[in-house]
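Following this line, the structures themselves.
Two complexes follow with chain A in common, the first pairing it with chain B and the second with chain C.
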Partner chain A sequence: MLSMLQYVANGIVFSSIIILGAIGLSLVYAIGNFANFAHGDLMTVGAFGAIIGGSFLTGYVPGTEVSIVGIPLSFYLAVLVGMVVATVVALATERLVYRPMDATPIQLLIASIGVALAYRGAIQLRYGAESRTFDVGRGGPIPIIRETIGVSVTQRHLVIVSLTVVLVVSLHVLLQYTTLGRKMRATADNPTLARVSGIRTSEVITAMWIIGAALAAAGGAFLGLDTLVYPDMGFDVLLVLFAAVILGGIGSVYGAVAGGLAIGMAHELTPLIPRVGAEYGPAVAFIIMVAILLVRPSGIMGDRQ
Partner chain B sequence: MTAGTDVGERADASGDHALVVEGVDSGYGDVQILHDLSMHLEAGEIVCLIGPNGAGKSTVLKTVFGLLTPWSGSVRLDGAEIAGTPPEDLVRRGVGYVPQIENVFSSLTVDENLRMGGVARESGLEARIEELYGQFSILEEKRGAKARTLSGGQRQVLAFARAMVMEPDVLLIDEPSAGLAPSIVEEVFENVEAVNELGTSIVMVEQNAREGLAISDRGYVLDQGTVRFEGSAEELLDDSEVADLYLGG
Partner chain C sequence: MIDLTRTERTVLGVLIGACILLAGLVGTGVLSASYLFYLLALGGMYVLLTVGLNVQWGYVGLINFSVAAFFGIGAYSVALVTSPRSPLELELHPIFGLLAAIVVTVVIALLIAIPTLRLREDYLAIATLGLAEVVRLIVLNEQWLTRGSAGVPGIPRVTEWMPLAWVPFDSANFRNFLLVVGLVALVFLIVRRIHRSPWGRVLRTIRADEDLAKALGKNTYRRKMEAFVIGSVIMALAGVFYAHLNLFLGPGDLDPINTFYVWIAVIVGGSGSDRGAIIGGVVIVAILEGTRGLVAVVPADVSVGPLRLLLVGALIVLVVRFRSQGILPPQRELIWPGTDRRASASTDGGEDRE
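Now for the complex of A and B:
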């Protein structure tokens, strides 16, 4: 029997991954105005971009074996590669599919299901269906943490959680204290008034895709670092992402963070419930989502009545 | 039609109008709202658009400001065709617009609303915002408050100030007094007059037709998407037919 703290530690790691995915999903809803079913697969694109791109880096860039917090520099660079790949793919999709359609939110939602299948199919066609792992060495639990509080936390976990904190805080600073961030919030709040004020909203939408895709890629790479990289990995967490976004208040970035934390925790704490196994994690997460929505129909941070 | 003179003749009479709308048809989807509508604004004027609910007054402003593209006809700013030019470009050409509803960013603070009003300014944003705080002390007091927490009157002031950050040459303003207490209505009209005196030409839509006309140079009475009467503000106020039909007797 694992200790309660161990489940909490696992929950924080899984929540980090969900938060990174949920933010982009919420941004696309707030600014792009549709529920993007391809967002989970965009995480997969980022994870593959990282694992494939990263293996090139280790081959050709000297010095990438230097390790930071027990993880080789090549992994950090690989995450950056994954972010760039996912951003390029997301922007290309927006230009070639979503923008020319000039469609209603429901039509865009349906198109995004097709896009999701296309991403997944293309990855599987090129790289096969088998699972891969990031080549970052084995690295077991950190002894000092294990000895003091009896919780096994690996260096991978520390890296995932601390980079997530860095990314989320950076996004917060961008949204609150920069002109681009204010324009993003203004466009999400009232797109017509944004244009009336002189904001070029197509530029804001581009920025929104870049941020959403980059965070999704980081989430995908972290999910791959924690578990495995395979073509269905992003799709497998898509419903959990939606649960987090809806719970947090759809369209709210801060809601996505709160919802991601709540859903990620519920997912990992499930084995603590007597006679309920870890395999029911997603079910329990959804029950919690429904329960909270019954009390707060617009979600934790939602302001729509 | 005593006060009403030939619409087309007036609109064509001069090339140096600040704004000319000529023979415009416009609407939403395939529903036509404006029918062969013509009006103009001379530099320095306040022109008031009045008429019953649903007459198409707001649609005129949306069509001028590029939120709708006219189906036919012409919209000219200082003689240059602007029909269909998007709002974000018109802002940069010296036109401002205060919508009738949802005219503030409710989840942004007062200060952020003003900053958004000035995104197209090339310089002097901070100084301009301070100037507006000096002019509208209520905004200064509430600068850190979310716009959704403001009262109706405070919101109208913010919406107005947001458009004024750009110091537009032409301002389109839709029902600035809607839903406000009479004492505040007076204040709003004083603001409009003050801005006009500083050189901004104004097209104002007003439900409070008498009060609106009282501060205007000229007026147009719209009904069912077209101009029914036009004339100087005094002519319209004195016209018995206009008074009976549109000014509530």
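Now for the complex of A and C:
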């Protein structure tokens, strides 16, 4: 039996991953105006981009064996590669599939299921169905933390949580203090009004896909660092992402952060419920989601129906 | 039969051609009659699933990503109640299996529909995605109930009573084929009847414009609930049939990919069209069996499973993009027979999508 604190520590790590995925999902919901069922698989694309691109870089870029916080530099570069790959894939999908369609949100939703299957099929076709791990060496729990409060936290966990904080704070600064951020918030709030005010909404939509895909890729790479990289990894967390977005309120970035934290924590605290195993984490997320839909469908921070 | 549209004639031609081809394959011994009937029985099962999803998506516009789960609920209800090897050790008559499947399905469908049907359409999509995951987790982990990944063997056959011993090619598969033909015919007649009724017209109004239906004083929440439950029960019936066809049930039978095969069948066949749903169901089996043939075509290092996944995904995108009304969109079939004086003239593309 692990201590309560240990579950909370695991929860913070998993929440970080869910927050990164949920922000992108919520942005597409707000600005693109449809439920993107391919977002989980976009995380997979990012994770594979990172693991394949990263191992490629290690051979050609000198100095990648230098470690920062016990993780080799090659991993940080790999995450960047993954973010670029996912951004390119997302923008290509938007140009080829979603933009020319001029369809209702429901048709886009169904098309996004097709996109999700196509991503997964393509990855599996090229790289097989087996699991991979990031080559960052074996890092055990950090001794000091273990001795003082009895919680095992690895250097990987520290890297995941601190990079997530950096990414979320950067997004906050972007949204609140830059012109692009103001345009994005305006478009999310009322696309028609934004367009008459002279905002080029198509540029805003492009920016949204770039941000959403880059964060999803980081989330996917972190999920792969924490566990494994395999073709179904993104689809397996899609339900948890949706639960976080709905809990936070569809379309609200800050809601997605709060919802991601709550759902990620609930997911990891599941074993504390008597006679329920850790494998029921997604089920607990699902039950919270249905309860929110019954009581407050607009979520904690949302105002849209 | 006289005034068929061009698409109808093409579809009819392709179907007749396929029948001749299959008969030829059996005649020359390439395909055994027993296996052909097994494939056709499986095709009938997909037709049932497609008709069920069509009631939800095609009639009203409800997005259900739990097709595989409702199918699994039906199949597992039968397996647990009737099999001598099930952990419940009830070993009841198959009729109780059928009843259990219907009751459990109705309860679960209501539980998922009550919180989501008042909200925007996409909430139901997300909630059913979750339901499918939860059902899969329960089947996999609750060993005391479902035997987990070991599966439930020993499900009884239900076709012994058929007086068919005189038929030269009589086999279990042939009897199952007849059973599914009967089921499909029954379900098809019922849904077509209710689709043409005032109830069905309200559903079509909701699909086109829910606010309009509300403004006309229709209880849209109630109608959507009814359509969702009816569609789910039809999917569970497909599961009941599958349990008695396969005689063994494991968690692998609830693979979520089946949900998307059925989605393709509905949107390819023509959302909202009952006969389109039947064509779509047949198309799925043709695709699934046809892609087995891919093994001979693609290089040895390419595996067929992921390739099929990729093709299915691309097909969904292409159908939504280029032919969102499907092969056989609803046309005159929605008009009560005898009331349409210009039947031969109206060949345009059916009702508008929202």
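Convention: the second predicted complex is superposed on the first by the 300 of 305 C-alpha atoms of A that agree within 3 Å, B and C clash if a C-alpha of one lies under 4 Å from a C-alpha of the other, contacts with A are read in each partner's own complex, and residues count from 1 in each chain.
By definition in this document, contacts are C-beta pairs under 8 Å (C-beta built on N, C-alpha and C of every residue); 3 or more make two chains touch, one makes a residue touch a chain.
All of these numbers come straight from a predicted model, not from anything done at the bench.
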Quiz item: Now for A:Pro143: first (chain B), second (chain C), both, or neither, which partner does it touch?
Solution: neither
Exercise. Decide which partner touches more residues of chain A, taking chain B and chain C as the two options.
Key: C
Quiz prompt | First, second, both or neither for A:Ala35, with chain B first and chain C second | solution = second
Practice problem: Once the structures are superposed on A, label A:Pro62 by its partner contacts, choosing first (chain B), second (chain C), both or neither. | Solution: neither
Quiz item: Looking at the overlay, what does A:Ser197 touch: chain B (first), chain C (second), both, or neither?
Solution: first
Quiz item: Does the superposition put A:Leu239 against chain B (first), chain C (second), both, or neither?
Solution: second
Exercise. For A:Pro274, decide between first (touching chain B), second (touching chain C), both and neither.
Key: neither
Quiz item: In the superposed arrangement, which partner chain does A:Gly121 touch: chain B (first), chain C (second), both, or neither?
Solution: second
Self-check item: Complex contacts: residues of chain B adjacent to chain A
Solution: 65, 67, 86-88, 91-92, 97, 99, 102-108, 112, 115-117, 119-120, 162, 166
Self-check item: In the complex with chain B, residue positions of chain A that touch it
Solution: 179, 182-183, 185-186, 189-190, 192-201, 303
Quiz item: In the complex of these two chains, what residues of chain C are touching chain A?
Solution: 61, 63, 65, 112, 114-116, 118-123, 125-127, 129-131, 133-134, 137-138, 140-141, 257, 260, 263, 267, 302-303, 305-317, 320-321, 324, 353-354
Self-check item: List of chain A residues in touch with chain C within their complex
Solution: 34-35, 37, 97, 100-101, 103-107, 109-111, 113-125, 128-129, 231, 238-239, 242-243, 246, 277, 279-280, 282-283, 285-286, 289-290, 293-294, 297, 305
